[in-house]
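Both complexes shown next keep chain A, but they swap its partner, so chain B is in the first and chain C is in the second.
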Partner chain A sequence: MKRIVCEACGHSNAEGTVLCQSCGKPIEKNQHIDGNEKTKLLNMRYDGSARRSQTYNKSFVDKIWNFFSSVKVGVWLIVLTLLASALGTIFPQEMYIPQDVQPLDHYREQYGIAGQIYYQLGLHNLYSSWWYMILIALIGISIVVASIDRVVPLYKALKMQKPKRHETFLKRQRLFSQTNQPSLNDKEKFLERLKSKRYKLTEEDGHILAEKGRFTRWGPYVNHLGLIIFLIGALLRFVPFMYIDEFVWVREGETLPIKGTEREYYIENNDFIFETYDEEEDRKFAEALQNQSAPVASNYQTDAVIYRNHEAELVGAEPDLEKVKEGSIRVNHPLKIDGFSLYQSSYQSEFSTMSFYIHETDDKDEQELANFTVDLSNPVNHYELDNGFEVELVRYMPDYYLDDGEPKSKTDYPNNPAFVFAVYPPDASEPEYSFAGIGRNIDATGENDYKIALNGFDVQYVTGLAVKRDYTLPILMIGGLIFMIGVVQGLYWQHRRIWIHPKGNELWVAAHTNKNWYGLKREIDTLMEDTSLIRVVDQQEQK
Partner chain B sequence: MGKIEEANNKKQKKKRKRLLFRSILLAIMFGALLFAVISSLSGDSKQVEVGDQAPNFQLKQVNGENGGQAVTFEQFKGKGIMLNFWATWCPPCEAEMPYMQSLYPEYKEKGVEILAVSSDDTEKVIHDFIDKHDLTFPVLHDKKEEVFNQYGVLSYPTSLFINPEGEVVEIVEGPLTLERLEEYFQQIVPENG
Partner chain C sequence: MDGLVSISSNFLYLAFVLYLAATFFFGGTIRSKNSTSSQTWVSRVAIGLTILGFLASVVYFILRWIASGHAPVSNLFEFTTFFGMMLVLAFIVMYFIYRLNILGLFVLPVALLIIAYASMFPTELSPLVPSLKSHWLYIHVTTVSLGEAVLAVSFAAGLIYLIKEVDQSYRSKRTTWLEIIIYSLYATLGFVVISSIFSATDYNATFEVTNESGVSTLEYHLPAITGPADGTLVTTDRMEPWFDTPGWMNGAEAPRKFNTLLWSFAVGLVFYLITRLILRKRIAAAIQPYLRKVNSDLVDEISYRAVAIGFPIFTLGGLIFAMIWAQEAWNRYWGWDPKEVWALITWFFYAAFLHLRLSQGWHGEKSAWLAVVGFAIIMFNLIAVNLVLAGLHSYA
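Moving on to the complex of A and B:
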C-alpha cells in the first residue's frame, strides 16, 4: 500500500485520501473521488479521508468487504426489501386467513388465479421466507461494513486535523472572509466570544481552530449500532430457549400441560369469568352503552392454578403435580411463572352436560316419567332411572352433522351434541331406539311407546391462553434505545469548525458545519459584532 | 535500509491484521445469516423426523387385552411398529382404517404392531368407532394431545413406520392405500419374524 506525502505539510496520508488529514490541502490526483475538480468549494464528506473501499481491491475477502461497503449496494438492498415488503401486502398473509380452511383453496376462492399464484409463489408467508430473511440480513451486513469503513477514517481525520490549514483548503470552504489589517483587539474579542460559546480552541503558530459538537458526527454510527443490536435480537427469536409463543385451550375444571414448557408446568382452569358493562352499575357509560345493540364486555378472566410436574420425563404419563402458583389472568394482566407469561387471549363456550326426560309418546302433556343427565366430557354408557327405566347410550356425536345420510361428528368439540339412545321400558325386554339432539328428536321406527325429550343443558367456558416467553425483548429495547440516542445525537447538534488564519497583513476566517449553515453564519456574525472583522460570506450563495 | 524495512514490516502486519479482522467479521455475520435461514426452514425442531429414534411415551389403551391400562411405547420394542395418529371425526382417517385392519392379522404374525393414537376428547366416541370398524389392533387415547405434540403431528392422519430397532423409516401424512400400506409394512417387518 502506497502512502501519499502531502507536498505542503509533509504529512503521510493513506492511499485514496482526498484532503490531507493534517492541513487539508487537496491531494491533486484524488480530486475525482469526491468530484472536486470543477467546483470552487471542496466536498467535505468524511473530511476528505480515504474510504478504502473506493481505492483498492485485493483479496477475495476484501472484494466481499468492499461490495458491502458501497452505499449504492446498501440503497439497492433497501429498495429491494421495500418492494418485497410491499408485495406481501397485496393479499393477506397466511396468519390472517381463517384457520379452518385449506390455504390454497382460500386464496383461490377469494382472489382467483392471482391468489393461487400468490400462494404457489409462497408469498402467503413472505415475511418469514428464506429470501426475505436473507435480504434483511444483507442490509445488516451492509450497515456494519459500511459503518466501519466510514467511521474509522472519519475518526482518524478529525483526530489528526491541525489548526494550521492549507490556504487552498480555507479558500474553498463554503464560509470564508478576508480582513485586511485587523486590529489585535478585535481578534481577541472574537476569540473570547468563541470561548464563551463553548468552542474548543487549539492553536498552532498563531493559527487557531475553534471547534464544537464533534460528537454529533458519531450519531449515525451509534444509530447503526442500535439497529444491529435490534437485528440480533430479532435473530435470536429463532432460538427456542429465547422465544416461545404457544397457545392452549383449557376447559373449566380441566388441568393441562402448558405447551412450550416441555410438560414441566400444568395449568388448571378453576373458573372463567366473562363480564359485561351494566347500564345501572356503570352509569357513566350509560349513554355509550345505549348506542350498542349487544352487551359490551368489561372483563375476561381465568382463575388459574399453576402446577409443577415432577414426572415430566415420560410423555403421556400421569403427572406428579405440585401447586406452585394461583392467580387470575385478565386481559393485559398475565400470570407469570419461570419466565413464561400466560395471557388471556380468547374464550369459547361449549355444552358441558345435557339432561333429558322420558314421557309417553301419546301423552299430550308430556309428563315426565324419568330423567337423566349426560356428562359430555365423559359420557357414561348405562343409566338406571326412576320407575324401572333403563337407558343405554349407543352413540355419541359431539359435533353432529349428516354426511350423505349418515350421522357423523365434524370435530370432537361438543358444539352440537347428538345421541342415539336405547330406552328399556320397565315392562319390556326389547329396547326402543331414539335419536336426540338440540332441536332434533327422531323416533327410529315410528312405533316407540316412549319418547326422549331435551330437559336442559349446562354450558361451560373454555379459556384460550397465549403462552409466551421472550428473552429477546430486553435486547430489542436496548437496541431501540441506542438507535434513538444515535438519532438525537446526530440530529440536535451540529459539528461546527472555524479556522482563524493570519496571512501577512490579513486575517482569514473560514468555517464549516455538517448542517445548518445559516445558523453558523449567524453565530459568526453575532460573535464579530462591533469589530472590524469582515463577516464571512456564503460562497455557495454567490453563484 | 533498516528504516524502510521496518516500515514495510509494519505495513504488512497492519494489512494482515485488517484481513483477519474483515474475515472474522464477515464469517460471524454470514454464520448468523445461515443460522437464521436454517432455523426458519427447519421449523419446529422438536418434530420427529425420518432417521430419528422414536421417542418413548405412555398412554391408556382403550381396547383389547390391555384395555383400560397404561401402556408404554417401549413395551412393543423389537417389533416393527406403525404409529398411526388419528381421530374419529376425521374422514380420511376413517377411510384408511379398514386397510389397516385387513392387513393386521397377517402382519401381527410377522412381528408388526399397529398403534393407533386417537386425539379424541372422550373415550365413548373411540369405542363407538372401534365397534363400527371391528378394530383389533391397540387403540391408544391421547386426550391431552401430548404425544401428538411430542411427535410434531400437524395433520390428520399421520402415520410413522418404525423398524424393530426403533428408528423412524417413513412418515406419511394423509391417508394410505392398501398397496402402499403393505409396502411400508414390508419395510419394517423384523427379519427373523
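Moving on to the complex of A and C:
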C-alpha cells in the first residue's frame, strides 16, 4: 500500500488521509475528500483519517462498500422503512381482521376500492413481505459497513494524537483564539481549571492537549452493535429449534400433554377462574363501571398442575406422571417451566353435562316419568331409566348447525349440543325418535307418545393457553441492553479537545467538540474567567 | 376514597394555577435589558413557581395512586396529565442546564394546554382489565411519556428558533407552515373551550346506530356536525348532523371523536382569525421582535440536546419496556399494532434526525423543522392513531 509522508512532521500516513494523523497538517492532494477549502474551517469528522470508502472507488466491491457506508444512503433507507411502516397502518393488517371471513371480501366491504387495492398489493401483510424484510436487511448491512468503515480509522486517529499540532490545523479549528503576551499565571490558572473540570492533559514541548469524553465517540458503534445483535436475534426466530409456539385447550379437571414439549410435560386444569369488577365491592370504580355496558373483566386465571412424564421417550407408552409444579396462570403472569412459558390467552365455556326428562306428550303439566344425564365429553350410548324406560343415544352433534337442511356438527367441542334419541317406552318394542337440543325438541314423526325435555345443564370452562419457548429472547435482551449503553454513551457526553499552543509571544487556543459547540464555548469562557486570555471565537459564526 | 380523589384533583388545579403564574413571570423576563438567559429576581420567581407547580402535580399523582390502587396512567385523562407533568419536569431539567428564560414562555403554555386538554376527558378512577395489570405497563408508560416530553422540549426550542429566524418580511411556504403550527395550538385551545362550554350545559345528543352487530347507541356531548353513518338522532331538539362520518374511520366511537375534532378546528380557527385581526400581521411576525435578544445558536443547541437526551429515554420506554410488557401480557414482544408501529416510526424519525445532524450538517433551521415534525408524529400517535387506526391500545 502506498503511504503518504507528512511534509511537516515526517509521519507516514495511510493513503487517503486528509489530515496528518500526527500533526494535523492538511495533506494537500486529499483535501477534496472531506470538501475542505483552503481558507475555510477543517472538516474534523473522523479527524481526517483515511477511510476505505473515501479512498477506493474502482472495483465492484469498492462500489458496494461505498454505497452502504454512506450515511446519506443509510438515512434514505431509514426514511423509506419509516414510510413503508406508516403505509401498513392505513388499514388493519390481516392478523387483526376477523378470522371467519375471506380477507379480500373483508377489505373490499370495509374499505371499498382502496381496501381492495390495499389487499391486492399485499399491504395487508406488509411487515412480513419480502420487500419490507429486504429494507430491514439493507439497514442492517448499512449499519455494519458504515460502522466498520469509520470505527477503525477513528480508533487509530484518536489513539495516537499528539499534543503538538500544526499551525494550519489549529487556525482552521472552529473555536480559536490568539492571546498576545499572556501572563504565565493566567495560563497556569487556565490549566488548573481544565484539570478540575476533569480534562486529561498531555504535554509535548510546552504544547498541551486537554481532552475529555473520548469514550463517547465509541457510542454509535456500540449502539449499532446492539442493533445488529437484536436483528440477528429476531432472525433466529425462523430457526425451528429456537422458537416454539403452540396452543392448548384444557378443560377443567382434564390432564393433557403440553404441545411442543414432545409429551414430556402434562398440564392439569384444576380450575378456571373468571372474575369481573363489582360495583359494590370496588366502590372506587363504581362511576366508571356504570358507564360501561358490559361487565369489566378483572381476572382470567387457570389453576394448574404441571407433570413430568417419565415415559416421554417411549412412543405409545402409558404416561408415567410426576407432579413438578403447581401454580396459577394469569394474564401478565405466565407460568414458567424448563424454558417453556404458559400464557393465559383465551377461554371458552362449554356444556359439560345435559340432563333430560321424559313426559307424556299430552300431559300439560309435563310430569316427569324418568330422567337421565348425558356426559358431553364422554357420552354413554344406552340409558336404563326408572319406570322401565330405556333411551338409546342414536346421534350426538356437539356443535350443531344446519347445513342445507342437514344437521351437522361444526366442531368437536360441545358448544351447541344436539342429540337424536331413541326412546323405548316400557313394554314397547319399537322406539320413538326425538331430536333434542338447546331450545329445540322435535318429534321426528309427530306421533310420539312421549317427549324428551331439557332438565338442566352444567357448564365448565376450557382454558386456552399459549405455549412458548423462545431462546431468542436473551439475545434480544442483550442487543437491547448494548444498544441502550451505546446511545447513552454517545449522546449524554461530548468529546472535547482543547489545544494550547505557545507560539513566540503568543498563546494560541483552539478547541474542537463532536457536538454541542455552544456548550464547549461557554465552558472555555468560564475556565478563562478573570484571566487576560482572549476568549475563543466561533469562527463559523463569523463567516 | 372520594375525598382523596377530590383532594388530589385540587392539587392538580393548584399546579395549573402555578404554571399559569410562572408563565407570566417568564413573560416578564423578556423585558429585562440583558440577554434572555440572565438571572433576575423575575426569572427566579418564575422557575420557583414552576417547581412548586411540579411538586403540586406530584402530590396529585401520589394521592390518586393511593386512591385507585394503581399508578394513575391508565386512562386518557391520567395519561395525558402525566405527559403534561413530564413536560414540565423536562423543562426544569433543561432550564438548569441552559437557564434560558424564553424556553419557559413557550413550554409552560404547551403544558397548560395539555393539562387542560386532559381534563376534558372522564376523570373518574377506572378499573384495570387483566392485560393492563402489570408493573411493566407502568414502567413502560411513564418512561415513554418522559421521553416524549423531553422530545417535546426540542419542539418548543425549535419553534422559538423558527419564529426568530424565518424571514417574515414576505410571505413564503415557511411562514405559512409556521402559522399552521401556531394554529394547531389554537385548535387545542378550541377543543378545551368548546368542550368546557357544552359540558357546563350538560349537552347530550344520543344516536341509535344500526350495523351488522345490531343496534347500539352513541352519545354526543357536542352538537353533531358529523353523525355516525346509519345513525338516527333520538334525542329531541338537537341539531341534525350535516353529514356522515366516513366509513374508514375505525371504532364505534370514531364519529363522536371526529365530530369533536371538527369542532376544535373550527373554534381554533375563529380564535386564530380574531388574533390575526387584532395583530394585523402573521402571529409569528408579531412574536418575532420579542425574540431579538435570543441567541439562535443556543436555542438550536437546546433543541438538539433535548433530542439527544430524549431519544434514549424514548427507546427504553417506547420500545424496550414496551416489548417486555407485550411479551408478558400477550406472549409476543411485537405485534405490529398501529400504536407500536407509530412508536417505531417515531424512533426511526429521530434516528434520521440524529444522523442528518451529525453527518449531513443539518443544523439550525433544518434541524428546527425536523424537531417540529417529530413532535407532530408524537402527537399523531398520542391522539390520532386512536381515532383513525384501531388497535389493541385503544384503551387510551
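Simple rule for what comes next: the second predicted complex is superposed on the first by the 463 of 543 C-alpha atoms of A that agree within 3 Å, B and C clash if a C-alpha of one lies under 4 Å from a C-alpha of the other, contacts with A are read in each partner's own complex, and residues count from 1 in each chain.
Criterion: contacts are C-beta pairs under 8 Å (C-beta built on N, C-alpha and C of every residue); 3 or more make two chains touch, one makes a residue touch a chain.
Treat the numbers as computed from the prediction; the structure is a model and nothing was measured.
When the two complexes are overlaid, the chain among chain B and chain C that reaches more residues of chain A is C. Of the two partner chains placed by the overlay, only chain C lies in contact with A:V488; chain B stays clear of it. Of the two partner chains, chain C is the only one that A:Y96 touches; chain B does not reach it. Shared-chain residue A:N378: touches chain B; no touch with chain C. Within the superposed three-chain model, A:L104 lies out of touch with both chain B and chain C [touch as defined at top]. Touch criterion met: A:K72 reaches chain C, while chain B stays clear of it. Chain contact summary for the complex, chain C toward chain A: residues 1-2, 5, 67-69, 122, 124-131, 133-134, 136, 247-248, 250, 295, 297-298, 300-301, 304-305, 308-309, 311-312, 315-316, 319-320, 323, 327-331, 333, 335-338, 341-342, 344-345, 348-349, 351-352, 354-356, 358-360, 385, 389-391.
The touching residues of chain B, counted against chain A in their complex, run 11, 15, 19, 22-23, 25-26, 29-30, 32-33, 35-37, 39-41, 45, 55-59, 70, 72, 87-89, 91, 119-125, 128, 142, 144, 146-147, 149-150. Taken in their complex, chain A has these residues touching chain B: 1, 59, 61-62, 64-65, 128, 130, 133-134, 137-138, 140-141, 144-145, 148, 232, 235, 238-240, 256-257, 259, 263, 314-318, 376-379, 381, 393, 395-399, 403, 408-414.
Across the complex, chain A meets chain C through its residues 45, 71-72, 74-75, 78-79, 81-82, 85-86, 88-93, 95-96, 110-112, 114, 127, 277, 282-285, 287-289, 291, 296-300, 330-334, 341, 343-345, 466, 468, 473, 476, 480, 483-484, 487-488, 491-492, 515-519, 538, 541.
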